[in-house]
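Two complexes come next, and they have one chain in common, chain A, joined by chain B in the first and chain C in the second.
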Partner chain A sequence: MNWITFWKMARKLKPSSRPAPMADAGGPPTPKQIQDLFRDIHDAQIHELLAEKQTVKLFYIHSLVDETQLQSDIVLPILHGSAAQTGRNIISDEIVQVDTLSKAEQLILEGSVLVFFENDHVYAVKKRNTLGRSINTSEQEAIVYGPKDSLSEQLDNSLTLIRRRLPVPNLKSKKFIIGSFSKTSVILLYMEGIVNPELVRIAESKTKEIDFDGIFDAAHVSAFLEDHIFSVFPQFQQTDRPDALASALLSGKVVWLVDNTPFAIVAPITFFDLFQSPEDYIHRWMVGSFLRGLRFVAFAIALFLTPVYVALSVHHYQMIPLAMLFVLMESRSQIPFTPFWEALFMLLTLEILKEASLRMPSKASQTLGIVGGIVIGEASVDAGIASNVLIIIIAISAVASFLIPNYLMTNASKLIQFALLILAAWLGMWGIGLGLIWLCIHLQGLTSLRQPYLAPLSPFFGRDWKDTVIRLPMTSMKTRPAHLKPLDRFRILKRKI
Partner chain B sequence: MQPIIRQISRAMIFLILLMMCGCSSFNVKSNTVEEISPIILLYLDQNKNGQLLISTIIPPLKKEQKSVITVSSALIKEGRYQMDHKYYREIKSGQLRMVFVSDTLARKGLKDVISSQLLDPEISDRVYLVVAEGNMIDYLNNQLQQKQAQVDFYLYKMFAHYEKQQELTITNLKQFMERLYDPYSDPVTPLFAVNAEGFEYQGTALFQDDRMVGAIRQPDDVYFQILRHKNRHHKSMPITALDTTLGEVYATRKIRFTDSYREVQIDVHIGGRVEEYRDNRDLSDPTEAASWVRTVERRVESDMEQIIQQIKSLSVDPLSIGEHTLGLMRRPFTGDQWRKHWPDMQVNVRVHVNVEQSGMLKSNRSIFAPKGRR
Partner chain C sequence: MMKHNVHSADLFDISGPVEPLSWTFMVNRIQTLSYILFFPSTFIEPSMIWIILLAAACSHLNIWLLANWLRRMDRPDGYFGTVRLLGKTVLWLFSLFGLSLALVKCAVLLLGYVDIVNNILFPSLDPKLFVALLLFACLYLARLGMEKTLRFGVISFIGTVWVVLFYVPYIFPANADYYHLLPLIPERMPPHPWHTFLTLWAAFAGPEYLLMLPKQAVDERRIQSSLLIGNAFSIVEYVFFFVVCHLFYGSQYLRRLDLPVVQLVRYIHLPFAERLEIIIIPAYAFSVVYVVTFLLLYAAAALRMMTGASDVPSGRKWLGPAFVMLCLTTMAIQYWGWANEMGKNRWIEWHNWSDACTYAALPVLLMIAALLTKKRGTRHATNHSPD
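Up next is the complex of A and B:
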């Protein structure tokens, strides 16, 4: 069969239909119906147990069920129990009587064992295989002092970590199943009485509207929730730190926990939230404010330093300090490329090295780092591909970009840097100004869960500035962020304000 | 409208609005640093035919063989074009830091020279303006032959340093023009004597309108600096006639007019310590010291009065005394009236010297000796 015949045959084939809801025939499902439903699944198993005076059938999917618990909590009680107590002997926290085929299907796929009794009663006993990672330290948002635990792939574990931090009935959770094939559980968390109900309503409606076959990550969920798809800026914050999530909930934000991913989604966020780290609150407030300010400066350096170098060395030699111009002219005199191509080449090389070191195994990435460092640092200067000054500038801007705590923002800044680089080479400082104005306009138009992205700067909320660019002492943070319009403005019980 | 079309139309409106601001255009000329030759020094002179002689060092800011090029032209910009044709890199003025003018040209007038520099948007207003007496080209050539390739850069660093130190007269184009158009003061520039061997600060060149009419030379320049500024710190103030040098001098100056504006009183307070003394007086004796201080005061007063007499005779006001006639609700003289009035004005200088430390050991009597024997 050549490829043309294969292509023609493939066109005639109907696409496999998505699992449509089962047409319930009425009444409890029979073992045969279940077997038909789960045909061609090698680990779908049916067992017949000969209990006293009756035959009990068990149906389950081997890979989803905890086999040890199945034996101890279901099989043994049925085999050794009396006829009258056969069903009651089963040990489980969650036993549901199943009335319909569709419910049976759902429960089996969630890790339940279907128990068929002769009197046509069918029970689903939850014996889910709890295989998964234990609670580890957050690798993405590691801090020196403070709680070390982080969310894991198990939704229940993640929820536990948050509920332990907020043991109040106000912490509400709503569950959604999204993904027509993946059936991913998503839990929407919020603090009733604090969060603005409008935010919850928007979050709920957006979550319900998600229509996709497979949702495997928090990023997939946030891709469907975001208001602006043509933007490089992350409109949702992803974190695996339960303390950060509890803090966000108390601020009046909503949180999504997604099954099988250790990252939760927080919304609405602002541009300034992306520069905050849990460590800000561990340091003394002055140190925390300094570090936070430093991150904003680093962001500006990461965005503008290389484009400004290109703009100055291509268009505005007048603006370069004389002593620096002397160094720059000497450094650039042997370079065959224009400053733009030189900068672009070096930036791309750096990005390639960074990407490669992320994907490589850790032992190989160390070697890669050394080789890359030598190639970028020394060899390219010796070979006359790049100037010394540019190497320093690229290194400073690369290091500065790592100061941004949000990884998504770090990568977004790279893309903006490239755009500014092109504008700088084309129009000089005027081009950078143009890019900056366009960036401000874009940020001003952005929203996160339909809330302004540049709040509390625009629209202006003066009281929120105590925890934006600087961080004032915790004792002075008596009110919640006003831009989130929380129902309860005050964090303190004794309100003297 | 489709969102993408809306976005594009918004972008176009935004760009059109920005371009209408007139802040720049898309026609930005490339000035890639390695392709151009930004000069930092310009020397202007006049030849016997009345044409301008424009000289500079090329290539500036490069570790290459350097030389001084000179072109003669009727106009400064014309000279710049001629320079471009003489050299393989385009000569740019955006980093120009110093304009040296020969005293011959300075005496004929600098307005045209300075206005052509100020009209060029590339050239900063803060370019140092210096009058050079002697053959500047010989000096530069000599320096280049002596492997002082960065002579232009070093000269710039020297001016930048003394601008911060504020002990010598340092003027830039903007300050010169500001004083030129101020009816109550006259411009000054530093005056340097140059020859093949060296480059030496001589003092302050005095200008009437845009023409150099005289100079305050060393050592009087120190007193001139004290008279020019309200407060000034000097590392040292040599008084050669009295074999004395005062160090760490902090001088304040007050100018007061009598009610009739016929007299002006200049009070100068000089505080400092004796750093060098070669006379025979015993300064550890309070009576002797007080007498010596009065001698110093009289000496400084007479030197300052001489300076004022000199500037009055030249009908120039480089000390900006005229500005002190102006008050919030008061303007006794118009600019022209002041210019006529100033040479005939009675000026009284009163100097008060406060020697904080004489620098002498009091005597050889020990403070540890018994009271009766001290």
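Up next is the complex of A and C:
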């Protein structure tokens, strides 16, 4: 038994931190029980409405309910309806008869109004407050051409945007409530008849197994779904673009929508998916392929350029042609540090500046950019802390890292770059080679939703290469990615068998 | 059912047939490995190309026989299938023999490669450091199990095959002097022809280890072509490097060089880099790690068979002891055998002989296995536990 298994077993033995389940006395809840349950909640409200020959009580939590709809769709119909019609007059898409106290609690917290009639019938009428952002443009995955809408924090809105793109009954959705306190709604989406049922089974079981008090973000959900916690690589793709999600669903992937977060999770993904952008499919295929190839090259530059500089200048200066060596020597002649410390110092400075510019208000970050540019570009060279050559190398690798469309991958590459830097300083090019081997082995062992992360390279799926490093014309993409083992391989209806 | 599950319970669990390309690259990498770096110094006369082609043809025949065996539906599968075919004692002896061969082969491959790293890249550093780092890389890969290790062949191939591109300019004038390839028909017998043949035959050895792979790893329809293409790739590579070295150096100068392929790349001057052997040598670590891991897993399997624990799932339990044994073997050979040139050559010679013998014994082994299978019947050659 390894320590992870031991920890998991020990975790199971700990007392549960969930709120104690409601003791259902049997029969519909009474207003008194509900008031006791929601005591000390200042916006929990109970109203009595005097309808024709009977008193109707309403209970709801003010902050969770749309007050305008409450008045127009519940209060007015009850007040103006006849005794026999009182209940039927209520306007709502979702009216549920409530039998138990626990169900009443759940529905109230979801934004329902509890309506108590004198004949002991209790109904929950959903009037959820849909306060939130309107549909905006994606900031994280902005594209020049193509659809601009993006998901929002409202789960229903997000689902609508996807359903509009896939208006077929094959688009299935399963709802889960996770988080013992946050009660976060999570919807699992998949295309029946396309996705491999085994994937849906794994996704469902992993979602059901989530046991945590608060789930507030898609990243929280993915942290519980991932197969490997000791890896810097993202094993799920997060996107707020409904077109990208619809495309992923049609490929045979599954999607999780998480309430109160504008990002959805896509799985299974491969290493190569992290370099794809929706814009690849808007360009001509040659341009799209070139841009995609450029991103891989940029990723390699971001990872290796600085370590290679350190390896060459510390261990293998004989690799540098003489003319370049003179330039390098002149540039480094006044620097008191070894190339490793010089590079480490500059990389750390750059990361601090990048992080600070993300956290600061946008107006202040412009100032920071200027200060950073002067500090990095001039002052450090003048002060003899860094050489001109290194400044250029760091700048190129920093710009190259921005070409990676996936932000999580960009951040992962920073960590790998530091590890390679240490290996380069220690064992030169051989150290970098060894680091690359370790990286490849690590990637070889990774999985996303139990599917190989390095597919279609390893395991090798030749046909999937048409949309991996390059992007062939849409007319040639007649089959879905084979590594996902979709039930329906073909994207086209008219095909030769 | 979806294949490629992540959490394999056992090191040797195979979820489905391994892709043909993985087999092709596996055969190619195991056959070329680091031999490419130094082998042309053994083939110092142009007429020796016939020895290469003869060894290649024999190897092709061997692979063809092996592939035919792997395609057979009635071949024994798994531990129990093999026990029923050979008997426990014979299998135990086979395992002992295989374990010692695998360990020595791993150690010699590692030390041979580290020697090149040590001599050319870092003469001042202790070679033990490189050995240790490579060994841990092998362990890191081996823990993923046999299925993922086999699939790593694709990465290993991609990690090293680009090296060939650097040598392409050497087959064209003005670098190439085509007269160096003559005479192709020797006026006299080349020196030590058997030894030369043995060296290349040993270089082609390695695919015989596939004999023990479980049935479910093999796609019967495509295994033959995959293995044969892999062998053909190796032949092309050997001939290519032989020709390139002869065209550039000529046979007189070639006999003075230790690592002709490595030294050849030094003549390339790119606008931004020189001394490209500094890049090429680390690239070959991909092949070394891949092949040593493959053999390490075999060593773990042999240990498991020897202890009679093959009938129970044991996860990664046997990898640790096999790794420790590999470390000890490598340290022992490095300490006692690798201290001087004579010792080194003795071990390389021993390794060549053992490799050549196992590869040459493959047809005989297959014949015996086929006869036994026929004699005992198909129903005995399955993987059901004895009641």
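One rule holds in what follows: the second predicted complex is superposed on the first by the 479 of 497 C-alpha atoms of A that agree within 3 Å, B and C clash if a C-alpha of one lies under 4 Å from a C-alpha of the other, contacts with A are read in each partner's own complex, and residues count from 1 in each chain.
In this text, a residue touches a chain if its C-beta (ideal position, glycine included) is under 8 Å from a C-beta of that chain, and two chains touch if they have at least 3 such contacts.
Here the structure is a predicted model, which is why all the values come from computation and not from measurement.
Asks: Based on the superposed arrangement around chain A, label chain B with chain C as either clash or fit.
Replies: Chain B and chain C clash in the superposed model.
Asks: Return first, second, both or neither, reflecting whether A:Leu305 touches chain B, chain C, both chains, or no partner chain.
Replies: neither
Asks: On chain A, which partner touches more residues: chain B or chain C?
Replies: Higher number of touched chain A residues: C.
Asks: Per the contact definition in the header, classify A:Leu427: touching chain B only (first), chain C only (second), both, or neither.
Replies: A:Leu427: touches chain B and chain C.
Asks: Regarding the shared-chain residue A:His316, is it in contact with chain B (first), chain C (second), both, or neither?
Replies: both
Asks: Check the residue A:Ile210 against both partner chains and state whether it touches chain B (first), chain C (second), both, or neither.
Replies: Neither chain B nor chain C is touched by A:Ile210.
Asks: Thinking of the overlay built on chain A, is A:Pro459 touched by chain B (first), by chain C (second), by both, or by neither?
Replies: second
Asks: Where does A:Pro339 make contact in the superposed view: on chain B (first), on chain C (second), on both, or on neither?
Replies: In the superposed model, A:Pro339 contacts chain B only, not chain C.
Asks: In the overlaid three-chain picture, which partner chain does A:Met329 touch, first (chain B) or second (chain C), both, or neither?
Replies: first
Asks: Using the superposition on chain A described above, determine whether A:Ile441 touches chain B (first), chain C (second), both, or neither.
Replies: It touches chain B and chain C both.
Asks: Enumerate the residues of chain A that count as touching chain B in its complex and touching chain C in the other.
Replies: Shared contact residues on chain A: 315-316, 318, 320, 427-428, 430, 434, 437-438, 441.
Asks: Which of the residues in chain A end up touching chain C in this complex?
Replies: Residue positions touching the partner: 196, 198-199, 227, 315-316, 318-321, 324, 427-430, 432-434, 436-438, 440-442, 444-445, 447, 450-452, 454-455, 457-462, 485.
Asks: For the complex, which residues does chain C have touching chain A?
Replies: Contact set of chain C toward chain A: 1-7, 18-19, 21-22, 117, 121-122, 125, 130, 133-134, 137, 140-141, 143-144, 148, 151-152, 154-155, 158-159, 269-276, 278-279, 281-283, 285-286, 289.
Asks: Of all residues in chain A, which touch chain B in the complex?
Replies: Contact set of chain A toward chain B: 230, 313-318, 320, 322, 325-326, 328-330, 332-333, 335, 338-339, 426-428, 430, 434, 437-438, 441.
Asks: Could you pull out which chain B residues touch chain A in their complex?
Replies: Listed in rising order, the residues are 7, 11, 14-15, 18, 23-24, 26, 28-34, 36, 38, 40, 61-63, 92, 94-95, 97, 122, 124, 153, 156.
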